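Below, subunit A partners subunit B and then partners subunit C, in two separate complexes.
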Partner chain A sequence: MSITLDQVTKRYQGSPVVNDVSLEVGEGEFFVLLGPSGSGKSTLLRAIAGLTGVDHGRVALHGNDVTHVSARHRGVGFVFQNYALFRHMTVGENIEFALRVRRMRTEDRRQRRKELLRLVALEGMDDRLPTQLSGGQQQRVAVARALAHKPEVLLLDEPFGALDAKIREELRRTIRQVQRELKITTVLVTHDQEEAFALADRIGVMNLGRLLESGRPDELYDRPATRFVATFLGAANLLLAKQTEQGIRFGATPVNARRIEKLEGGREHEVVAVLRPEEIELAPTRDNLRTNYIATGVVEELVFTGALERIRVRMTSGPSDAHIGSNSHVDGHNTAAILDVTRTQHEQRVFPVVFGQSVAIGVRRIHVLPTPLSSYTVCAAETAAAERLSQHPFLIELAGRMKTRIAKRIDPALATCQGNAQTRISGVAVIAAQVKVAKQVEWLLWNGAAEVMVLPSQAVSPQRVLIHWADDAARRSTLAVAASLLRHVPAEAVYVGILPESRGGEGQRPLGVRTLLDARSEAQAVHGLEMRTELRFGAAAEELQRQLNEQVDQMLILGISDLSQLSREFAPLFAAPAAYSMMIVYRPARESDEQAASA
Partner chain B sequence: MAGPGNSQELLAEIASRPGRDTVVSFVVKAAFITTSLLFLAALLFAPLITVFATALEKGFEIYFNSFKDSDTLAAIRLTLTVAAIVVPVNVVFGIAAAWSIAKFEFKGKSFLITMIDLPIAVSPVISGLIYVLLFGMQGWFGLWLQEHDISIIFAVPGIVLATMFVTFPYVARELIPLMQQLGNDEEEAAITLGAGGLMTFFHVTLPKIRWGLLYGVILSNARAMGEFGAVSVVSGHVRGVTTTMPLHIEILYQEYNFVGAFAVASLLTLLAVVTLIIKTLVEWRTGYKRK
Partner chain C sequence: MNGTFRTPSILPGFGLTLGFSTFFLSAIVLIPLAALVTKTATMGWDDLVRVLTEPRAVASYKLSFGAALLAATLNSVFGFIIAWTLTRYEFPGRKLIDALIDMPFALPTAVSGIALTAVFAENGWIGQYLAPYGIKVAYTWIGIVVALTLIGLPFVVRSVQPALMEVQRDLEDAAETLGAARFTVFRRIILPTVAPAIATGFTMAFARAVGEYGSVIFIAGNLPMKTEITPLLIVIKLEQFDYAGAAALGFAMLVLSFVMLLSINLLQTWGRRRQVVAGR
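Entry: the complex of A and B
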């Protein structure tokens, strides 16, 4: 491996800007780090170069640990967004700088300079000053300068940021060409997905300091694992659907799309479906569709963009309440179910549409995200309480980041926690922290909720998330929920393994450490979640409570596989209204076993 | 130099925009220019001419003879010595202060910025008195200094200290905005290319800030040679020993030696004019480079 990052963390004023990033970039690979501004991608790149120190983790170049090696001795080439050419030196002097530092002979320097200028197609520009060059030319000089000392790794920080579109494309081609010719391992940082697609062998998508997913561009586009990647790489319509044994169901409409990918797990549950705009078909009636019908709709907007036609269709029937795209309102009043559709010239000729026309909507391919957290349902006994809870800042922040909706459910039965709910609860149930919270959690889980989130009124976005499960049967599902949640929260993840004190204490340590390592590697391998581990001794509930009270801004994710565990083992956690938020994950033991078996 | 450089660019840009003449009529423009020119003539050019006129009143011979006076020569020598000590020290301090303010975040940063401005805000007389209070006979260190036979007040070291105090904001004030504006990228680039600290400083940072630095040096030098108030308090006016040029001019004037006083004054004025010319050249040069 050319570049190896192991759990790299960089904090700024306490909160992590790069959060537990592990990454391997192969020899000669062109890796693009893609993310919105503030996602920590530039900081990560600077950490590789040594321009920024890391607070935790290791950086290795070609197998050598360089975590504590200064930028000067790492021997990487770095290209800055605003070129950072030495403005008082000519192009030639700029390029020769690294060689002069290394006291190379004058003739050899000349020779190398000529080679490099040819490589970036700037022959004969040696004696110009940077100010006499255009932006594109300056960045070419910067690339040549970064390559002068034959670095084994080339790092580019938004190199096209300050250039206009045409020059950008030209320079992009040059850089790709140079990279192929030299076979140099390259990491490029950008926020432009088009750029990432054009250049990358592999793309890593970052958000909130975490590396969410990495993979080949086509893989990431076709099978994203997270909402963020689905919507950041290209456009995507996100819809809530029910996964049943027969397939996907939007509201009451079952879809038998041929190319629906199967998801493991037998029980019917809510999932998030990704519909790419180009995979949606429009036809005058349902019978004219050549693909699976999902709904009817009305054309709301029509934009001609040359090769493609962009259409926005408002769904009038079918899964109109299932839409969770970014344009739907969180308060639930306006679940404006708008689908983005793009059509080629050919499709336009086959079925021309006009503004306001009614159409049948079909879909060629649906991708189901493997996330266990689909939507939030605020549960309360009366309307006012539900209204208040649905305005909770942390919940709104979380739902906004997850691009999902917050539904409200008023269930008077919640006050007494007696009897059964009329309908099964789907999505994450959210309740306010109060005295009777233990009973409510139990009731909700009994009535079909798979996750319950307990929110104290003053809870904020946590800095640290503790993860714990009661027994091994709950491990898998707890990790899945934790991974899904932590992709949307800029917090550190810590798995707390707790062994009973009575049984030999220290003698248990090897077993405990083993459990921790297993948990960590499973989180990493199956869910792409990087987490720390801590081993404690004592009673689980007291130990967790003690840690949660140590500092503010923490959250607990607790996994159980049996409802009785709540009152038997974790009662102290619910005894008094807590200051920290909690997510209780419940999968009945039988179901977990099945999942484990099928996996 | 960031301030003037920027506003010049801005003005140039505004001037190139269409419609710039529509608001201001010719009359207003002429009135403004005439007012400022008249003001300049009355307050600046007239005194300047008087200095040279009075100095040369009795012919060139007497004018040049007044420089043959040993006390006058000593005053010139002292002034140049003080400037030669103060300016380099200010350069080192100015770069260090500007660097730490522009490149690092630390506690007490805003306090440091305020402190750098202090000498400009405080009256020069007070600046001188501070040193008298510290090192004078009745001062904090007075007794100790006397025991060790070190004289600071009413001697050259006192003059150097007072001058340094008065002049030290100039270099730092010039460099702080410049360094903040230029950022760290070039230095970082140099480091990734393998350059060490010294090489980065001399080959990248120093060339980058050289015009701003020179401008600061010029201002600092002008003040160092012309300072009267602070120096007057600490010098003790010992003729030929602790009088700098401005002090010597005053002494000559008090003795009704107008030609002598104005001759030295004209020399000081010439130094100032030369400094201004260099400053203008630097400004022109930086403006040109900034394009």
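Entry: the complex of A and C
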């Protein structure tokens, strides 16, 4: 591996800008780090170059640990957004700078300079001053300069940021060409997905300091694992759907699309479906559709953009309440069920549509996100309390970041926690922290909720999230929930493994450590979640409570596989209204699942 | 040529502002200087040469310009270091030091002269420690240099500070990734970038030092041929009602200053051009 990052963390004023990023870039690979501004991508690049130190983790270049090696000795080439050319030197001197500080002989320097100027197509510009060149030419000089000392790794930080579209494309081609010619391992940072697609062998998408996913551009586009990647890489319609044994269902409409990836999982549950605008088909009636019908709609907006036609269709039937895309309002009532559709010239000719026309909507391909957190439902016994809780800043922040909605559910039965709910609860149930919270959690989980979030009124976005599960049966689902949540919260993830003190105490340590390491590698391999691990001894509930009370701004994710565990093992956590937020994850083990179904 | 129609400038008010500038400069700068030249012209040629080449006058030129040059040089070095500290580091009291830099601007020069004399006199706070080593500051040329350094310091700091702030960190980072050591980065990247600002600061500090009178007369001791600066000599001539002689000395200073400032400017331009050519 050319570049290896191992759990790299960089904090700025206490909060992580780069959060536990592990990454490997292969020899000669062109890797693009993609993310919005403030996602930590530039900081990560600077950490690779050695221009920024790391607070935790390891950086290795070609197998050599360079974490504590200065930028000067790492032998990387770095290209800056604003070129950073030495303005008091000519183009030639700029390029020769690295050779000059290495005391290379004059003739060799001349030779290398000529080669490099040819490489970036700037022959004969040796004696110009940088200020006499255009932006595009200056950046070419910067690339040539960065390559002068034959670095093994080339790092580019938004190199096209300051250029206009035409030059940008030209320079993009030059850089790709140079990279292919020299077969140099390259990492480029950008916020432009088009640029990433055009250049990358592999893309890594960053948000909130975390590396969310990495993979080949087409893989990431077709099968994103997270909503962020789904919506950041191109346009996407996100819809809530039900995953059943038979397949996918939008509202009452079952979709028999052949190209739906099968998800494992027993009972019916809510999932997030990604519909790319170009995978949606429009037809005059349901019978004219050649693909799977999902709904009918009305054309709301029509924009001609040359090659493609962009249409927005408001869904009038079918899963009109299912929409959670970026167009919808998060408050829950007013989900404008609008689908973005793009059509080619050919499709336009086959079925021309006009503004206000009714159409049948079909879909060629649906991708289901493997995330267990689909939507939030605020649950309360009375309207005022639900209203109050749905305005909780942390909840709004979370839902906004996850691009999902907050629904409200008023259920008087919640006050007494007796009997069954009128309808099964789907998604994450959210309740306020209070004295009787344990009973409520139990009731909600019994009535279909897969996760319950308990929010104290003063809770803020956590700095540290503790993860714990009661037994091994809950491990997998707890990790999945933790990974999904932590992609949207800039916090440190810590798995707390707790061994009972009575049984052998210290003698248990090796076993405990192995459990921790297993958990960590599973989180990393299956869910892409980087987490720390801590091993404690004692009673689980007390130990967790002690840690949670140690500092503010913490959150607990607790996994159980049996409802009785809550009152049996974790009662102390619910004894008093907590100051920290909690997410309880419940996935019944097989037998109890069947019992629940028959009950 | 279609010179009959004036091309209207995009910015209005050119005539007005030019007129005002000319008037203002004339009233404040050119007319007094012209008066100086006319007064000098009342002397005969022989008298002029005699006054200007008096040993006492020559010694005062040497002292005035020599001390001013030395002070400006010292200021360039220390002023740069101070500007560097203030722009590059964040430390408690930074704002206070930043404000202190301007003090010599505001302080009446006589006050700083008296204060320096008190401190550097043989029994003063600092002077008493220097005396055993045979170093006398007050009432020698060293004292004059100290006084001139004090009043010239803000010029260098204030002209270098913005230039240093403008040196992008990216430039240093770039040099570092290219393999340059700390000192190389400083010498090859930072210094050339701020050199013009240092030169400007130097010129201003020098010009100010040549003309300085108030602070120097207290610390200099004013011994003829030894610690007598030209401005003082002019005042002495005035007190003896030798107006023509005073004007002549003033004229000589004017010419010398002008020549020196001009040559510094030319040197700067030449340096800039040399940098451009040096790439060949």
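Miscellaneous remarks
The rule is simple: the second predicted complex is superposed on the first by the 590 of 599 C-alpha atoms of A that agree within 3 Å, B and C clash if a C-alpha of one lies under 4 Å from a C-alpha of the other, contacts with A are read in each partner's own complex, and residues count from 1 in each chain.
We adopt the following convention: contacts are C-beta pairs under 8 Å (C-beta built on N, C-alpha and C of every residue); 3 or more make two chains touch, one makes a residue touch a chain.
Small disclaimer: the values here were computed from a predicted structure and weren't measured.
On the shared subunit subunit A, the superposed partners subunit B and subunit C overlap sterically.
When the two complexes are overlaid on their common chain A, residue A:Ala47 makes contact with neither subunit B nor subunit C. In the superposition on chain A, A:Thr131 makes contact with subunit B only, while subunit C stays out of contact range. When the two complexes are overlaid on their common chain A, residue A:Leu238 makes contact with neither subunit B nor subunit C. In the superposed pair of complexes, A:Gly92 makes contact with subunit C only, with no contact to subunit B. Of the two partner chains placed around the shared chain by superposition, neither subunit B nor subunit C is touched by A:Ala230. Within subunit A, the residues touching subunit B in one complex and subunit C in the other are 49-51, 70-78, 80, 82, 84, 86-89, 97-98, 101-102, 142, 145-146, 148-149. Interface residues of subunit B facing subunit A in the complex, by the touch rule stated above, are 185-186, 188-196, 199, 203-204, 207-208, 289, 291.
Interface residues of subunit A, counted against subunit B in their complex, comprise 49-51, 70-78, 80, 82, 84-89, 97-98, 101-102, 131, 142, 145-146, 148-149.
Across the complex, subunit A is touched by residues 168, 170-171, 173-181, 184, 188-189, 192-193, 275-276, 278-280 of subunit C.
Residue ranges of subunit A in contact with subunit C, taken from their complex: 46, 49-51, 70-78, 80, 82, 84, 86-93, 97-98, 101-102, 126-127, 129, 142, 145-146, 148-149.
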